[in-house]
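What follows is a pair of complexes built around subunit A, which joins subunit B in one and subunit C in the other.
Here is the complex of A and B:
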């Protein structure tokens, strides 16, 4: 092998090692019987998973995260799709401003976003409640959902929807019978991705969650007490959940764009 | 020019986009069972006209009637004006049969009847056995036929076609022209066919509407438009015409000092059109009534060979010859020939 490609491979391997080493380490130690993360490793054990999931607050946190992720993803996807469709279908003044505004949330520093959400939600009496976290995560997820839906709509023949009207479908029926089926892969993918964003999200959730902690917020609280291999166990579960969602989203997107 | 039993009537229909007038006061009547082709260069308003008929665009002024009913405020989906799209616009997530069934489903027709009618049309279009195929597994010609079946399955009184053959290979175009003409005759319904292709329009339509810059330049049977273009725009658009300017006096026209008989023409400045296939090429000066012309080049045009010449005042002249004639003339660029035509081959332009 010539040095060029070899170097590229080494670089690639190093890159992946750098990105995944901490996660893999955490995973490995979650199955390790030793109290502290040291080498050589002790025996294989599921003990940390058992103790972690024996705690009621862990279950509550997972339940909260799940409710928030499922709801926020649905709302983000609906909102993102509607925004993308508006862009696809209509031309109007200040459209660029509209699009810039719709894509703004990810550019706001999370601490600012968290503070702003806390201030706003407490005025509405929603701070510390699950609906509050849902609102915050919907705002954060919608731009991603919109970007994904927009990509798919750009691949749609503009005549396709008009063809449905022409064949007797009212605008609403054409939406249900043509636009949404055409966008289905993007919608599922957007749902998975925004669910993953919500499930992982720590900073804003930390500001607005109050007593209704989500998983990332709970992890921090446990960590503040002491270093415990239970964290590794919980982290592994969180990582696998998010990764699964992201991979499903990617597969759907790639399969459809490849065509 | 009105059809005896009108199905579609355009009355002073205008369409503007901001300051741009796409269609400027269109008056057109299309008869029941007629095959009308609307032809013109791109941007002439032909597609806008078709889209207004389908309800996809609203006229800025004027009225459009279908079957006597004013359609200006009727929504797209409440009309029965199926369109075969230039892109075909087949639904990629549905299979062949589901595509064909779409219009019936939207009209609330039950599953069994939907299926029966779709199968009937698939059979008719030679697509039996393809019903469960996905759209992207079909060839161009097959997709075309699915699009036709999808539009015709609801048994409309009129079918709109927007350059449906423009994406096909040349040999398929000829075949599909046959399919379309036969279908229109069998069904006896009105076809409104928009195209920029002269051969498609002339091969299929009963009447051809030539549009230019948002206005109708001429309406007539293909032969009429071909042999008797009313104005310079049509003469140039239809192609392979020689447009000659001269002075008429006493039943003869003088062009670049050459006088040719033109019976019945009023005195004064005039423009005449002579089709390329009506031009005779002479290797030697026949004496009178022939324009001197210097050979420029030849072009193989399927039905014959078009020879291009430069006339006395630099104008382009065209004459169509057979291969044998070309071999006999053996022209070389720059060589002088003489072109003449029979008086009845010349057609005066009115505008």
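Here is the complex of A and C:
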């Protein structure tokens, strides 16, 4: 074998090792008995899972995260789809400004979003509440949902909808019978991804959450204390949840584009 | 149908305007306004004074934090671009379509997994008596102090941006017309000349976009400099969190935030200008 390709593979392997090292580490040490983890490993244990999930606040945090993720993902997906459809179907004045507004939120640093949201939501009396976190996560999730739906609409023949109109369907009927079924995989995939975004987001949630902590906010506050292997246990559960969501989303997208 | 003006288009167009207007533009405008407000007796009062701006901009610690943040983000973006390039090059030119697709998939996965838990994992890995030092100790090296250093923060930054930069670079490299590269070879260019005079200029837009994304993300990052860099020296994001959370000085935090946004906009404009400038 020529040295070039071999070196490429080694380099790629090293890169992926770096990217996945923290994920694997966290999973391995969640089953490891040492309080201060190192190598060689201690014994296999489920102790950290037991202690972590024996705590009432961990369950409350998971419940909060779940409520926020489920709601924010639904709102993000609806907003994202409506915006993507507008971009696909209509041209109008200031459309570029409209699209910029739709895609801008992810470029604003999270601490700044957190500060701005905290100030705004406390004026509305929503800071420290779950609806406050839902609002913030919807703002951040909608651009992702919009991008995914827009890519799917790109694959739709625009005359498909026009054909439905010519056959006498109202725009609403055409939307329900043609456009939405065509976009269904993208909608589910957008739902899963925005749920994952919400489930993992902690900076903005930390600013606005008050006493209603989500899982990552709770992790952040445990972290400020000390090294605590319970974080590995909670983190592994979080990893598996968001990874499942991302993989479902990806499979749906790939299967449909392959067609 | 189509006789009276339809509400149909507006049902799809308006939700975003209303939602982002209420919950994105609104908060940002309030924050800008807040930077001119005053805090009296622990309460913010609407006002229009430059006291907060004066106070922040005249302080040494603010400018120290600004330059630390700026230089670190520049360094991180440069490092990420350089580290990513060989991998992107390999993915674009040396692997099959299938391998490339799976590689991209595995680079997307971490983006949606808890960044916080990954940073915690690095905290464990890099600890003074942690696994990495233990392994280095077996070959007679170390122990090294890696936490609470610039190195620690940089590891965190790479965790955040490296996958994204590889993805962006790979897309732009894979999109290069292969005939262009063939032509360069046929005209007698050696691999080095092909790389620097054909491939890199052709992929310029993607490389610059990768760089600027890395810059934007690391410039605003809070967790790496705080937990892996030991917040020493503090960055602008740490300054915002401290000022908001402990000091109750939201207006001063707003000043820092506005300066960060202006910096990011200027950086993004510079990058777009550089990316789309005609080659002379």
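As a working rule, the second predicted complex is superposed on the first by the 259 of 259 C-alpha atoms of A that agree within 3 Å, B and C clash if a C-alpha of one lies under 4 Å from a C-alpha of the other, contacts with A are read in each partner's own complex, and residues count from 1 in each chain.
Everything below uses one rule, namely that a residue touches a chain if its C-beta (ideal position, glycine included) is under 8 Å from a C-beta of that chain, and two chains touch if they have at least 3 such contacts.
Quantities reported herein were computed from a predicted structural model and do not represent experimental measurements.
When the two complexes are overlaid, the chain among subunit B and subunit C that reaches more residues of subunit A is C. With both structures placed on the common chain, the touch criterion links A:26 to subunit C but leaves subunit B unconnected.
By the touch criterion defined above, A:53 lies against neither subunit B nor subunit C after alignment on the C-alpha atoms of chain A. By the document's definition of touching, of the two partners only subunit C reaches A:238; subunit B does not.
By the touch criterion defined above, A:178 lies against subunit B but remains apart from subunit C after alignment on the C-alpha atoms of chain A.
In the superposed pair of complexes, A:159 makes contact with subunit B only, with no contact to subunit C. Contact with subunit B, but none with subunit C, is seen for A:167 once the two complexes are overlaid on the shared chain.
The contact surfaces that subunit B and subunit C form on subunit A in the two complexes overlap at residues 170-171.
Residues of subunit C that touch subunit A in their complex: 1, 6, 8-9, 11-13, 15-17, 19-20, 23-28, 30-31, 34, 83-84, 86-87, 89-91, 94-95, 103, 105-110, 112-125, 127, 129-131, 134-135, 158-159, 162-163, 166, 216, 219-223, 227, 237, 240-241, 244, 250, 253-254, 257, 260-261, 264, 268.
If you check the complex, the residues on subunit B that touch subunit A are 54, 56, 75-77, 81-83, 85-87, 89, 91-93, 102-103, 105-107, 136, 150-151, 154. Residue ranges on subunit A touching subunit B, taken from their complex, read 157, 159-160, 162-171, 173-174, 177-178, 181-182, 184, 259. On the side of subunit A, the complex with subunit C involves touching residues 4-5, 8-9, 11-12, 15-16, 18-23, 25-26, 29, 36-39, 78-79, 82-83, 85-86, 89-90, 92, 98, 101-102, 104-105, 107-121, 123, 135-136, 138-139, 142, 170-172, 193, 196-197, 200, 202-203, 207, 216, 219-220, 223, 227, 231-232, 234-235, 238-239, 242-243, 245-247, 250.
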